[in-house]
Every structure is written in structure tokens, then in C-alpha cells.
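Heads up, the next two complexes both have chain A, just with different partners, chain B and then chain C.
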Partner chain A sequence: MPIEVKDLAHIYSTGSTHQSRALSGVSFRIEDGEFVGIIGPTGSGKSTLIQHFNGLLKPTSGQVLVDDRDIWQKGMSLRSLRQKVGLVFQYPEQQVFEETVREDIAFGPKNLGLSSEDVAKRVEDARKMVGLPADLLDRSPFELSGGQLRRVAIAGVVSMKPKVLALDEPAAGLDPRGRDEVLENMTKMHRMGMTVCLVSHNMEDVARLCQRLLVLSEGKLVADGTPREIFSRSSFVAEVGLRQPEVVSLMERLRSRGWNVRADVVNIQEAYAEIIRELGRRQGS
Partner chain B sequence: MIGSGVIMGQYYPALSPIHSMDPRAKIVIAAIFMIVLFIGNNFWAFLVMGVFAAVTILLSKVPIGLLVKGLRPIVFILVLTMGLHLFLTPGPAIFKIGPLTATWAGLIQGTFIGLRLVILIMFTSLLTLTTSPIELTDGLEDILKPFARLGVPAHELAMMMTIALRFIPTLLEEADRIMKAQMARGADFESGNMVKRAKSLVPLLVPLFVSAFRRADDLAMAMEARGYRGGEGRTRMRELHLAFRDYLAFASTVLLTALVFYVRIRFGPVITGPL
Partner chain C sequence: MVNGTIETRGLCHSYDVSEDQQVTALAGVDIEVKRGEFLVIIGPNGSGKSTLAKHFNVLLLPDQGDVLVFGMNTKDPSNTWEIRRNAGMVFQNPDNQIVATVVEEDVAFGPENLGIKPAEIRERVEKSLSFVGMLPYRRRAPHLLSGGQKQRVAIAGVLAMEPQCIILDEPTAMLDPRGRVEVMNTVLQMNKESGLTVIHITHYMDEALYADRVLVMDRGHVIMEGPPKEVFLEKEKLLSLGLDVPPLGKLAAMLSSAGVHVRPDALTVDELVDELCQLKSRI
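Moving on, here comes the complex of A and B:
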């Protein structure tokens, strides 16, 4: 179920004195099974952009096509769209409201009008997907730790069985272990065939996880490519107000000191391999 | 979404002699004006008060359209009162509709009461239009201070008002976000009958309350961390000082009161009989 955005523009509070242009002229296409990262400084329009994917925001101009059909066409059901395109907001634990974890995860499937067996199965699948211990299901969500609650909230969206999942900073504000678990979940979902779209400020995370990056700056799409392509353009990255992953900077500094290492590594494993190879070469000579 | 189209607060920012008045003076004058409006018992009084209100409006630079718009919520009450007076006052008939008889006395009395309401709303809305919420609460706090000895928690009331005003936009924004998050989970806020709709608000209200309580907690902590311990001995960054223009305004209010008393005695009530 590809998502395509054509010349998308969004203006908040059109016509009033405080109208502000959040997006303009954004076009791209996300194919099935991609793992896409959306990066850009604060206020660049990332959150606004993903809220267009499932019709929570209506474009001021331009089109959003899901499965090659304009979602704002007459006769398109936004509710069925929202089942197919899941959206996890920033700090999603704030949306949890039921008395038990089980009921909260079941909220989405129940809204879809499924039978109670189906709902129970969805809850179980979602629980496993986010790696939540089974004994937490009957606890009150407000007794859980931050990391657990975050996973409950994500499970609440995953239980809708979306084909595309967009997450807005899913790891923000979690401790290192919570971060790892949440990011691990996303890789798992991607492996199971979901298209994943990750908005993040963490360059290490996107470099490690994503196959493709969309870079937004001041509401415009300024780059679209693999992490390797994008992070190797160090002046461009600085210009849009981001920074390179630390390993990339490290490689550049090593090169400036005459080390013969590749500059286009994006994760620690690659960097490690490069440095070991170079060290071996130096010792050999 | 929620809140779009709603004008937050009513403050109309402008540079005018009325805007720069001391908020305490404005509150007191508005209160006196209201009392005087009810002392006036004939159209002459309303003429005097209408001129006073008109001059104030002109000085305030608030567009007249905005004030007229402010009358919209009371149109229903206005029509109802005027109608009731028109048909329920005994006297010589003008016309009849079924069992209802419109009378001349009723027409006069209805117009009189209606006019009073219009002047009242127009003048008092000028208070909130020309005074920012912060100034207003500062002024109220100062006015209520003498009553502290009687147990009126003046500072606390003012602080509560300030905080409430401060958090209205924040909560609206949050409501909007939570609503979207639940819609992403298939929630439906728009269709169904009353009961279903009321039920559909649970997923919105619970998180909203939870976060409001958390915010209140955080705010209390942050205020204490910065040494807040109530109004006792607290100084202000912007102190209120009565200036020449405030005394001038007081003087004209006194003059207005005197004039209204004069026309009350001189011309007598417009309607004989109880109002």
C-alpha cells in the first residue's frame, strides 16, 4: 500500500492573522515495505507531514494518495484509511485512558467493529509485537513505568493491524533501555512486512534503522536518499540544522589525519570494520 | 479543529487613553456605571449615559463593529424581555395577536429596558476589550485586598484566574492532539445520537484530566521551587499607579452620577408603576 504525496502544502489557520505555512511543495512516494526516516529541525513540518498520511489533516493544496487513490476524493472512507495507516503521536502514553492495559489496546480493534474473539486475538498479537509481559494486561496503565506505558500506547495503534505505521519520535523521553526496546520493536514490525515511517531527532537511530531518509527544512523537502548519501554531505547536513551521526564525524576526522578509511559509513559496525582494517594495514606496513 | 474560530479572550490591543488607564480605575468606573444605569429612570438619563459611553468608546479606538458583535449573545434575551414587556403591560392597546395585547406602555417600557441592556453590555464589554487579562486580574487583586481581613483570599483568587487564563490555549491544543490520536485509533466523535456522542468523549476527557492534574502538580512544584509562598510580601514587576487620566476619569464619572440624579429628580420616571 504505497503512500504518495504530490505537491503537498499545508497552511495552519488560513485567512487569520496568525496563519503559518507549515509545508509547501512536498512530493515523494513511499513504497511497500520501506523503512523511511523523516528528519529535520524543530518546526520543519515533520509532524504536520505524517498527520496527512491518514487524513487527520487536510492538505491546503496538493494531494495525498494511498494505494494510488486520493484520500480526499469523494467516497473515500477516512475511518478505513486510519485502520490501514497507523499513526503514533509524540508522547503517545497521553492518549491512554482505559482502566486496564488490555482494554486500552482493545480500543482501536473495538472501533473497527470486530468480534470479541478477534479483538482478544488482536490484543494478544499487539502485546507480543511490542514485547509487553502478559501479566501487565490486567493492570491499570497508570501503574506502569514510562517505557512500558509507551509500549502499551504503541500496541494500541499496532492492534489496528495497519499496513503502514508512522511514528512521531517514539523513543523521546525514554531511558536507554526503553529506547532500545521501542526501536527494536520497530525493526521487528518492519521485518513482518509493515511499512514503517519514523520521525526522529536522533541521527544515530535513523542512520542505523532506516533505508531511506526524507529531510525537511522550513516546510520543504530538501533531500531524499539513503542515510549514506545524505550524511556524507556534511556541509549540507549542517546547513539544514542537523548533525551527522557521530561515527560519520569520527571517520571524517580520521581521514583528515591521513587515515585511509571510507567516509560513507553510517553505523558502528561499519566504522569498527573500517578502523580495524586500517589499523591492520598500518601495523602491516 | 477545536478552538479555531473562537476569539481567545476578548482583548483588543490598541494604544488609547482607555487602554493605558489603571485597571483598578476601569473596574471601579464600570461598577459605578452599572449602578448609575439602574438609578436612571428615564430616557434623559440614558441620553446622558449614552453620550458618556459613546465618548469612551471613541477614545478607546475599539471598532464599533466589534462591540456590536459582542451584543450577539444577548439578542435572544433582548427580544424576549422586550416582547414580554410589550405584551404583558396593561394599558391602551396598539394591536392584538390572538390572546396577546400589545400596549403603548409596554412598548415604551420594553424599549426602555432593552436600551438599558444594550448600554450595559456595550460599556462593560469595553472593560475586557481594553484591559488585558493579566491587568484585569492584577486590578481585581488590588481592589479585593482590603477585604482580605474579612477572609477574602484576594491574592489566591487573582492567581487562580491568571493560571486559568494562561492554560486555556494549552488545554485546547492538548485536546486537539488527544482527539487526533484517538481518531487515529478509529474513534468517532462526530456521529451517533446524544448518548453515543457523550460516551465517545470519554477517551478525550480522561487523558485531558490526567494531563491537567499532572500540569497542575508540575506548576505547583515549579512555583515553589522559585520561592512562591502566596501573596504575603510579594512585590510586582509592574506596579499599578493612578495617573492624571485616571483621576480625570473618576471626576467625569462623579459628574455623570450627579447628572443622572439630576435628570431623575427633574423629569421623573418614564413609566409610572413598578419596573
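Moving on, here comes the complex of A and C:
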């Protein structure tokens, strides 16, 4: 179920004195099974963009196509679209409201009118997908840790079996373990065939996890490429108000001190391999 | 009146989660924050960091034990305002702590409440905004600022009270990379140039690198403390708590276990580049 955005513009409060342009001229296509990171400074339009994926926001101009069909054309059902494209908002645990974890995850599937066996199966699948221990299902959501609660909220969206999952800063405010757990979930869902779009301020995370990055700045798409391509453009990255992962800065500094190492690394393992190779080469010669 | 340090003695705090159930957030915490110190507190979600911070500012009172802020016991209601003036607090969400519709009015809010004369308020507002680099935005509407700018306005609001100490509870959690750098630079500058005591709570391990001392909390206790270089050497212990070491700390550890003898406490780009270059020159 590819998602395509064509010349998308969004203006908030059109015609009022508060009118503000959040997106303009944005075009790209995300194919099935991609793992895409969406990055850019605060106010660059990231959240506005993903809210167009499932029709929560309507383009001021331009088109959003899901499965090659314009989601706003006559006869399209936004209800069925929202089952296929799941959206996880920032701090989604604020929207957890049922008395038990099980009830909360079941809320969406129940509303689909599924049988109770089907609902139970959906809850079980979603629970496994986000890695929640089974004994937590009958607990109150408010007894859980921050990381667990976040995963309950994500499971609530996953239980709808979306084909595309877009998440807005799913790891913000979590401790390192909670962050790793949530991000591992993303990787797992991606491996199981889901298309995943991750909005994040954490350059280390997107460099490590995503295959492709969309960079937004002031409502425009200013770059679209692999993390390797994007983070090796150091002056561009700084210009749009982002930052390179620390390993990239490290490699660039080593190069400037005469090291023959690649600067386009995206994680610690690659940096490690490069340093070891260079030291070994020196030792060998 | 304002002297000494910030101190907790046997501090305990529990929250009621239901009529018959309580959770212990702090289970006997004894710490002493020195004057002018830059103290960073890390710990997993739910370890008690924010609860502890709220005690420094009399937003909470101890169930047991005492909290002394510059010699003033938080339990004595006559100390409350003097403590809050001297120990200002900045929270995580920049949108929840701005009260006025114009930046300079927001910064003036604190000193106005202290009954300070208008001329001096103007002076303090100007000084605080210029310190955080937000003077050019003094007449702007706060809601149109970026996250990092809003947090710096919140910090200016605290500075205008002329405190001895500032407590920041995950001030960078919701910010983009540039916003984080802006806020961390401001925090560092307050400590190094103005000599303010800074208590900084964070989930970003790299922010702890700037600290004089790091406290690690777990389940209501302080379980480790020391300079960042010492604390981050305890990689296994930190991982078992659900914490982490800064990214380059991991790289340094990997290199050193592969027989590349870099100092395992090289945690920043500069340190690691220097270490590696020295090493290479010896090959």
C-alpha cells in the first residue's frame, strides 16, 4: 500500500489573521515495506505531514494517494483508510483510558465489530508485537512504567492491523531502556512487512534504524535520501538546524587529522570497523 | 539567611494510587548539593527524579525526613517563598509554563509577584533575556517561538527572580537538536559564568558529561554518584538499570575490549579523536 504525496500544501486557519503555511510543494512516494525517518526542526511540518497520511488533515492543495487512489476523492472511506494507516501521536499514553491494558488494546478492534474471539486474537498479536508480558494485560494501565504504557498505546494502534504505521516521536521522554524497547518494536514491525514512518529528533536513532530519510525545513521537503547520504552533508545538516550523529562527527574529525577512514558511517559498529581497519593497515605497513 | 547547601536527610515520599494503595517514590534519600555545583540526576522512568526535584522547590513536602534549601527547612511554611525565589524550577514541556502573551511580560511575572519596583523589574527582565540570548524577541508572542526559545524564556523567567539555584526537570526532552544545544549552552553558562547551582534531570546521557557530579537514582534510592567519567565506566551496572552510556562511550569500550588501548572514559568527540591520534602516532 504505497503512500504518495503530490505537491502537498497545508495552510492552517486559511483566511484568518492567524493563517500559517505549514507545508508547501511537498512530493514523495513511500513504497510498501519501507522504513522511513522524517526529520526536521520543530515547526518544520513533520506532524502536519503524517496527519495527512490517514486523512486527519485535508490538503489545502495537492494530493495524498494511498494505494494510488486519492484519499479525498468521492467514494473513498476515511474509516477504512484509518484502519490501514495507523497513526501514533506524541505522548500517546495520554490517550490510554480503559481500566485494564487488555480493554485498552481491544478498544479499536471492538469498534470494528469483530467477534470476541477475533478481538482476543488481535489483542494477543498486538501484545506480542510490542513485547508486553502477558501478565500485564489485566493490570491497570496506570500501574505500568512509562515505557510499558507507551507500548500499550502503540499496541492499541497495532491491533487495528495497519499496513502503514506512522509514529510521532514514539520514544520521547522515555529512559534509555524504554527507548530501546519501543524502537526495537519498530524494527520488528518493519521486518514483519509493515511500512514504518518514524518522526524523530534523535539523529542517532534515525541513522541507525531507517533506510531512507525525508528532511523537512520550513514546510518544504529539502532532502530525500539514505541516512548515509544525508548525514555526510555536514554543512547542509547544520543549515537546516539538525545535527549529525556523533559517530559521523568523529569520523570527519579523524579524516581531518589524516586518517583514511570513511566519514559516511551511520552507527557505532561501522565506525568501530573503520577505526580498526585503519589502525590495522598502519600496523601492517 | 541564604547560606549553606541544598540537603535532604532521610527523605521519603509516597503517592496514593488508590484508596488502599501507595507507591514509594523516595525511600530515604540523603544528598547534599554544593554551592555552585552542576549536579545531573539520571535514572529510569519512575525512579524518583522528578519527585526529588519537586521537594527542592516546596512543590512537595516530605512524608519523612527533611529538606533544607540554603539552610531553610521546607516544612516551615514561612520559608516557602524565600525558598522558591532562591531555587527556581524549569519543567519539561515549554508550552505549560509560559503564562503571558508577550515574552517580556512572561519574564516579568516572577519579579512582579515579589513586589519589586518597576524600574528594577525592567532592568532584571532585560538582563535575563539578554543572558539567554532572547532579548531581540522581547516583544514577541511566546507561542510563536521554537521549543528551545520557549525554554530559554522560561529560564529567563527564573533568572529574573535572581535565584541561587536552578532546577531543570528534563528541559530538553521535547526539543529538536538545535533547541537542545541552545538550552544546554544556556544552562552551562549559568553555572560556569554566573556561578549558579544547577540541578539538571535528564534521560540524555550525553548531557550528564558536563556535570561536576552525577547522581543515579533507582526505585527511590540514590544508588551511584560521582564525576561523569567514573559513573559512565560502570557500563554494565547502568545497562542493568535500564540506563546507558553516551554513544561514544560505547565505541570507546568496544575499541578497548578489542585491544585498542583508548581510555575507556573518553566520552566526547574531542577526547576520542585525541586518544586515537596519539595511539596512531605510536604505531
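Here is the rule we go by: the second predicted complex is superposed on the first by the 285 of 285 C-alpha atoms of A that agree within 3 Å, B and C clash if a C-alpha of one lies under 4 Å from a C-alpha of the other, contacts with A are read in each partner's own complex, and residues count from 1 in each chain.
We take it that a contact is a pair of C-beta atoms (placed from the backbone, for glycine too) under 8 Å apart; a residue touches a chain by one contact, two chains touch by 3 or more.
All of these numbers come straight from a predicted model, not from anything done at the bench.
With both structures placed on the common chain, the touch criterion links A:R243 to chain C but leaves chain B unconnected. By the document's definition of touching, of the two partners only chain C reaches A:Q283; chain B does not.
In the overlay built on the shared chain, the residue A:R177 is in contact with chain C alone; chain B does not reach it.
Once the two complexes are laid over each other on the shared chain, residue contacts for A:G86 go to chain B alone; chain C is not touched. Judged by the touch definition given at the top, the superposed model places A:L56 against chain B, while chain C stays out of reach.
In the superposed model, A:F107 makes contact with chain B only, not with chain C.
Of the two partner chains placed by superposition, only chain C is touched by A:L254; chain B is not.
For chain A, the partner touching the most residues, choosing from chain B and chain C, is C. Once the two complexes are laid over each other on the shared chain, residue contacts for A:V222 go to neither chain B nor chain C.
Residues 142 of chain A are contacted both by chain B in one complex and by chain C in the other. Every residue of chain C that touches chain A in the complex is listed here, in rising order: 17, 43-46, 92, 146-148, 170, 173-181, 203, 205-206, 242-244, 246-248, 250-251, 254-255, 258, 260, 269, 272-273, 276-277, 279-280, 283. Contact residues of chain A toward chain C in the complex are 40-43, 142-143, 145-147, 172-179, 201, 203-204, 241-243, 245-247, 249-250, 253-254, 257, 259, 268, 271-272, 275-276, 278-279, 282-283. Within the complex, the chain A residues that touch chain B are 13, 51, 54, 56, 79, 82-83, 86-87, 89, 92, 94-97, 107-108, 111-112, 142, 156-157, 160. Within the complex formed with chain A, the chain B residues making contact are 4, 174, 177-178, 180-188, 202-203, 206-207, 210-211.
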